[in-house]
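The first chain written gets the first letter, and so on, giving A, B, C and D; residue counts start at 1 in each chain.
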Amino acid sequence: MSLIEAPSFKRDLDAPKLNRTQPILTMHGISHRFGDVRALQDVDVTVYAGEVLGIVGESGSGKSTLLRMMNLEEKPDQGDYRLAIPGATANLFALDRFARRMLRARHIGIVYQNPHLGLLMRNSSSGNVAERLLISGERRFSALRSRGRQALDASEFPTERMDAPPIELSGGMQQRVQLAKAIALEPALLLLDEPTTGLDVSVQALVLDTLKRLQRERAITMVLVSHDLGVIRTMADRVMVMRKGRVVEEGLADQIFQDPQHPYTQSLVHAKL
Amino acid sequence: MSDPVLEVENLAKHFDIHHLQQRVFAFSGVGFRLFPGQFLLLRGSNGVGKSTLLRTLYRSYVPKGGHIWFDAAEGRIDLATAADVDVAALRRRDIGFVTQFLIARPRVAAEELVAEPLRLAGWPKAQALDEAHRWLDEFGVKRELWRAYPTTFSGGEQQKINLARALVLPQRLLLLDEPTASLDAGARRALIRRLGALKLQGVAMIGVFHHKEDIAELIDMELTLTVKEMADVAE
Amino acid sequence: MSYVAARGGEQAIEQSERLYRERLGTIDATRVDAIARSLPWLVDRIMGEASLYAPRLAALALAQSGGDLYEAVLLLRAWRTTQPRLAVAEPLRQDKLFTHRRISAAFKDIPGGQILGPTLDYSHRILRTDILDGAGLEPEPVEMSPEPAPPHQPSLASWQKAQGLVVDFERQDVPKQDIPDLTREPLLFPAGRAHRLQSLARADTGGLMALGYAVMRGYGPSHPTVNELRLVEADVEISHPRGTVFSAGRVRVSQAEVASKAGAETIDLGFCATLGWNEVKIIAGGTLDLNEPHATKGSPFEEEFFLSHTEPVEGAGFCQHFKLPHYVTFQSTLDAMRDARRKQAEMASQAAAEEPAE
Amino acid sequence: MKKLSQLTLPSQLMSYGFLDPSAKRELRRKLLKAIAIPGCQIPYASREVPMARGWGTGGLQVTLTLLNSSSVVKVIDQGADDGVNAASIRRFLAKVSGARETTDTCKATIIQSRHRVPEEIMREDQILVLQVPEPEPLRPVEHHISAARQMHADANYARLWLILYEQMVRTGRIMQATEYPSLVNGRYVMSPSPIPRWDVPKLHMARHLTLLSAGREKRLYAVPPFTRVEPLAFSDVPYRVEDHAHLTCSRSGLKGFFMNEIPKDDGGSHFELSDSGFCEKTLRRAAGEDVSIGATWYRNGVMS
């Protein structure tokens, strides 16, 4: 018998009362199995306009699976997913493949840890951004050039190198190309899957700084998945802690780091401090 | 008289340290009302939980009982149980927290850091920078540092940037956690002047100060925290 | 003159074929029979790749093509495809095959016994140049064993299934007319199991060997063990409309099951069978089949890759086709290339003009 | 009791039109499907024919299925009727079907072609069969057949546009020479086979039926009459055909058609009409013969 009860996480703090905070993303009751493994169990997520939601957890916690579902790459066994974007009123998981692909292309941007997943390494960097614009139906070459340059510039990519292929670029620059591609269509939601893992610490700081600036200046709503608490601490407004497919704790970033409630979060935070 | 900005009722806080199976008591039964323009000084010996109370009010710490009623434009909202996203919104708009520690960001210049709250509040860039310069000057930050990155500054200089940023925009409630520590005399005077001005503008404040005499003329109320006991409020 | 010789085309075609045939000399039934008699292993290989069991036709194809294997396979396939499909034979059962050779590398001995049968595996490969000097090579008579091996053996896999070592999949009964037929349907991916095995059965021996060998050398995860390899004669059993099942004749068939040691709880088996006796082909094919579920995406060991690229008629034909004229394509490319060069030269001279004078 | 030989038809060396009826039936069905879904690649069994794969076996199977003894067949390779392979295919077609042979575009009922569309406008009663080495326009960007099929299903052609983008970035122009990817009926992108860019506009809203067939890859597709065929092109970078409008044929003196460039010993080159049947008719008319020449798609070097 434990002296202290672990707090059950569904606290009564969820419903916003200030009417100016609007959710962009709402996921409800997400459950999924891979064979015998319960990858996600009854997960609820809300992401509000303009905020950065950090998701932490060790590998196998389900955080990356959840992110893939947000990106509509994967469907859960159960659950409901809505995005506050024009024309999307239904559960997005119920859409057909084609509609999901179009929605993903137009409204969701993603930056992967591994640039090979997000980029055509031998095409030009600007071409990688152009592909996104082409999917949205842009057919003017001049506009592909100018819009591509703008997106790269916003990602603080040196535009004089815009036609160099990613394979010739450093890891940090490759992430900037991914970012430019992700924001080219001004997505409602930007997903970041360990975007700076594997980069040198100094490069990591620069990339995070760019992300912060984009978030500040364009109020892009972001979901950031990372196992790196430092990254989450720098970036996130709110944090969700996942373990074994469940959300064990959710709170304001400073609260999670200064006064973690759940035993798992406490061990996670203290192990890193 | 107008409504109180903040009405705290029976507030309690303890920490559960799970791996030790231990509960650490902080305080309980704290209650007070704070009206616009009032200044509440928190008192008590070291380790008694003054900073803990400030952080609980700010919701960096999770309250374990009681209420923190805040008078928001939308109506009274209990910060003890408000949704995270609402607390975040109030922090951006109405509630400031000033510590002696700056979280500097690489490659952001001092003037940009100070101007940022104004920019977020919708000020035009030039005007925001002018205002930022005024406060940097006021706190005695040398002009040649305005465009430099505070990550490279000394602790004292960083603290000045931090204060300028925290105080540049009048908010409705300011939580001050030893803001004068590590400040030189000039900056300390500038800070007190600024707090006085904000008080006149109706900003309510709750502070922990090492040297009470610094801000003696601002104080309206004192709240003394005693170890393991209820706090007493003295007018 | 260029090889688009105006009006000369047909004449040239005629004469070029004559040149080829002149070298082969007269082809008659005697030569065809001599080929069938003296080169049975080659005939078997051709029959497998053509997926047509007709030793005399295969020998004819070899005679007509002068031993160019890809030509011979194409000849047989082109003949085969015009033939009507009269009936679908009964499925073969392991324990009813007339077995000449049966070996397992997985066990020292197996139920039914190891039967070496006809093989050169253990012979010394010495070129008998004395034959050229007039000596004859009379085969030494085979000595009969006092206890002849039984002609029919159980399959090793059924023993393994009983032991729970191999997954015993539920038997699916498919009406005979519904059995897929790769020679009358396109190969799509992912291929059904029937199409994959049919495609392996018709595959190019050399192509399968190259890719199977690559897997064995470690480019694929599965290292094979020959679980059971058989060279057999199988009765082609046809069901008479009145219901009687009769044998329409016997065909030589080879089949291999290769096992993977890598399986955690059970042994995975790969399978390959083909018409005619051709051991290298079935071991390599079985290895590719075994390895496929674990193949890395984009590797040559994915079925789409190895099935597409071991098809002898398609591969050989496409290689050959590059001899056809491609000058229209080339002309079109030249046009774009010249224009691009002109553009770049213009840009360079413009840049030079804009440079400030010294 | 009857003898076995009395119960069966006399054995024949081969079926009419070489292919057996089951093969022809499959092809007819697949052809109808292809016409019903313009530009969509339809898989078919693709039987072996007495010709090596890659030598026009796809076109041959379609032609063999459509031929009858009243057909008039023309076969061209790279524009020429007298190329060795064209001659070989034409001879085979005539032999197995009894169809008449021609080199005149206007007289043919069915034209099997490798890499060219004739210069004379084809009519409603004519069929063009194009031999296709690689039917999949997505192959350069996706070598998995199954993945490419999914991309077609999604009309996901951004990667093809990206090829054009990269060419523009690297060389300042579209470098795609032949096999120019083209959108059919606003839905499927097809490879028009390795015809030059010059010929692609001829398929757009054409009166004739075009059938495209890849024997080795086992796919066939169609452009029905009066169907849109639009080469992929940026809205601000117009589609350009080969710059041949100003070239003159050294044999016929004609100008404004697609030419073959023949290198000369002196380092220069001269040009000849690529469409040899058209060239031949022009020469014969010049020699005083009564030859009828059809209207051409291009007039004065401009597509009309």
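Here is the rule we use: a contact is a pair of C-beta atoms (placed from the backbone, for glycine too) under 8 Å apart; a residue touches a chain by one contact, two chains touch by 3 or more.
The structure presented is a predicted model; accordingly, all values stated were derived computationally and were not measured.
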Shared chain contacts [chain B and chain C, defined touch]: none
Chain whose average C-alpha position is farthest from chain C's own: B
Of A-B and C-D, pair with higher C-beta contact tally: C-D
Geometric centre: closest chain by C-alpha means: A
Rounded Å distance, chain A centre to chain B centre (Cα mean): 31
Chain centre separation (chain A, chain C; CA means) in Å: 50
Length of the line joining the C-alpha centres of chain B and chain D, rounded to whole Å: 79
Residues of chain A engaged with two or more neighbouring chains: none
Chain contact topology (line, ring, star, complete or other): line
Inter-chain touch pairs (all): A-B, A-D, C-D
Chain A contact footprint on chain B (complex, rising order): 15-19, 21-23, 55, 59-62, 72, 74-75, 77, 81-90, 105-108, 116, 120
Chain A - residues contacting chain B, complex: 2-4, 6, 12-21, 46, 48, 51, 205-206, 209, 212, 216, 237-238, 250-252, 254-255, 258-259, 261-263, 266-267, 270
Of chain D, residues touching chain C in the complex: 14-15, 18-20, 22-23, 26, 43-50, 52-55, 57, 77-80, 82-88, 91, 114-116, 133, 144-146, 171-178, 194-198, 216, 218-219, 242-244, 258-261, 274, 276
Chain D contact footprint on chain C (complex, rising order): 3-10, 12-13, 74-75, 77-78, 80-85, 183-190, 298, 304, 308, 313-314, 316-321, 324-329, 331-337, 339-340, 343-344, 347
Interface residues, chain A side, partner chain D - complex: 97-98, 101, 120, 123-124, 126-127, 130-131, 134-135, 139-142, 144, 163
